[in-house]
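Contents: one structure, followed by commentary.
As written, the chains take the letters A, B and C, and residue 1 is the first residue of each chain.
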Amino acid sequence: MTLARKGRWTTLVGLVLLAAVYVRALAFTPIERTQGPAQKIYYIHVPAAIWTETAMILVGLASIFFLFLKDARLDSFAEASAEVGTAFATIVLTTGPIWGKPIWGTWWTWDARLTSTLFLFFLYIGYLLLRGAVADPGARARYAAVLGICGMVLVPFIHFSVYLFRTLHPMPIILKPSAPSLPGSMLATWGFSFAVFTVLYVGFVMQRYALARARQEVPHA
Amino acid sequence: MLSAEGLTHAFGPVRALDGISFRLEAGHTLAVFGPNGAGKTTLLRVLAGQLRPQRGRAEVRGGRAAIGWISHQSFLYGHLTVIENLRFWASLYGVKREARDRRAAELLTRLGLAERADQPVAALSRGLAQRATVARALMHDPAVLLLDEPFTGLDLAAAAELRRLLGELVGGGRVAVIATHNVDEGLELATDIAFQHRGRFVQLAPRAGRDRTQVADAYRKAVGVSGA
Amino acid sequence: MLERLKLAWVVARKDLLLEFRTRTAILSAVVFTALVLTVFNFGRDPTAVPTIDLAPSILWVTFTFAAMLALNRAFALELENHALEGLLVSPLSRTSLYWGKLIANLLFVTIVEAVGLPLFVLFFDVPVWHVLLPLVGVIALATVGFVAVGTLFSAMVIRTRFAELMLPVLVLPFLILPVAWAVQVTARLLAGRPLAEVAWWLRLLGAYDIVFVTLSTLLFPHTVDE
């Protein structure tokens, strides 16, 4: 089976499992006491946010290896990861306000997580725009790699700012130094959702990577 | 003094260099004739160390500091005076201050630019600017000269002037590579001739007294275009 | 190392000499700064919101705009003069080239900020004398951060379409962060808070500067060489 096919199957599995996450989150997970049913969007929102950040870091790592090894496949992977990261950032930026409205009364809040995802979104958009604006394929890959590495290095600074600014956002409950503080059943749903988003990331990247490689082959046909 | 071995470089599907090898000893001038897009500029950039070839290697004794580059782009800053330009480029090539001013004065006199030393380059005519370009390239007394279509944009008088200048410069202890699409330019200066076509040297031979017509014929046969 | 710095200064001096000769860029940036400050003045209602609350943001937005203007010039001038290839063919190390451009850009932006700050104080009647030193310090720290990244990107952007538009878009995330921190510090300084309160941000800005100047220096060769 080609990579693209495998990617499509993976994505399909991921989407089916995503539906399962919804079901589990809505029907089988207890309602959180202080925030009510609206809190459940957290199961979609947070894994997507984590993958938005991780995808950028992977873009950066692939870019570093690309600059050393000059392997076009690394550049294709970076391109794929960036596009998928952009999609996930969009998910966060849309689910966040949907969550925020019932709880805080406004669509947009400048809280730390939404703000940092917005930053990542700008990084991604810049990356994709740069790729689109450079005609020569060799220069495009090099420039994208430079930007990708800078983006990756910026991520810890962005993430760090969460601890610095006054924030409305619930402090990271899971990814913080001490042990996660969610009760068992909720943690399980969260873990399941995170695994599903991982599957989705892999599936989408596989498809996108296959497309990027196919595009590279065409001029040589 | 200058050697290239198996130079290969492609930009996407275009092979600018496809296995070029040659050696040049002191006193030799190689004229590389080829149509536009044959990869001549790429060859020079690899020799200058500005582009690392995908395969093969090029070596110039003395490295970048020993190379003087003359092309149709003057590399002179229009708003700086001639002397300011010369001083700037000389510093980049490691010429010490006392030597710099002395050498600048020498070159300006020799090239007939002495009265223009304090004029901004933008105020010079094309021909004078080209002379200033030659001065810039010579400030550090390079052992290797790389010339990329240096006659582009020059009228007949200025081109003749440049040919005369280059005639004085090449030979001696220097090595020069001159790339051009026009057989008339640089033929008298050459000790060796190569035709570059689609990244390859179709012919590489000493000039050995061949005249213009013979070379033009050979060029046409080699690359299938007129060399006139 | 010293040799590289000396050559970097040669490059920077050449840029500044050119800038001084033409004067267009620096004048545009200064006039632009004054214009932006004027626009802000018309946009506010001093009875509704005290100036001191808006002051840090106004100052930093102004500096940001001016810096954007300044950053574009660095490699654009090489392209205009068709000199970039000459610089790359010469033995000039890529590090010296980057630092030279960085120094020139920093000096350029500093001149604009040095004009902007007094204008700001004048237009908005904001007392800064008592905190001048730390204020200048935070301005310097934030400026180094985004000018370092902006200089790196400007080398890439000149070969793209829509260069003047691309540069702000690419630099944006790398600029908002240090500026956001600087605004926090500026607000606290102007409000008379003790220096210890802002030490955190200053350290963060310092770390940002060190990281991104180093990273940009390392990455720069990839933007000009193949």
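We take it that a residue touches a chain if its C-beta (ideal position, glycine included) is under 8 Å from a C-beta of that chain, and two chains touch if they have at least 3 such contacts.
The model shown is predicted, which means the values in this text are computed figures rather than measured ones.
A centroid comparison over C-alpha atoms places A as the chain most distant from subunit B. Set side by side, A-B and B-C show the greater C-beta contact count at B-C.
Remark: the per-chain Cα centre closest to the mean position of all protein Cα atoms belongs to C.
Per-chain Cα centroids separate subunit A from subunit C by 31 Å. For this pair, subunit A with subunit B, the centres built from the Cα atoms lie 52 Å apart. With centres defined as mean CA coordinates, subunit C is found 39 Å away from subunit B. Subunit A has residues 138 in contact with two or more other chains. Residue positions of subunit C with contacts to 2 or more other chains are 226.
Within subunit B, not a single residue touches two or more of the remaining chains. The touching residues of subunit A, counted against subunit B in their complex, run 136-138, 219-220.
Considering their complex, residues 67, 119, 122-123, 125-126, 129-130, 133-134, 138-139, 142-143, 145-147, 149-151, 153-154, 157-158, 160-161, 164 of subunit A touch subunit C. Those residues of subunit B that touch subunit C in the shared complex are 45, 48-52, 63-65, 67, 69, 71, 73-80, 84, 88-89, 91-94, 120.
Looking at the complex, you find that subunit C touches subunit A at residues 149, 152-153, 156, 159-162, 166, 169-170, 172-174, 176-177, 180, 200-201, 204, 208, 211-212, 215-216, 219, 222-223, 226. Against subunit A, in their complex, subunit B makes its touches with residues 11-13.
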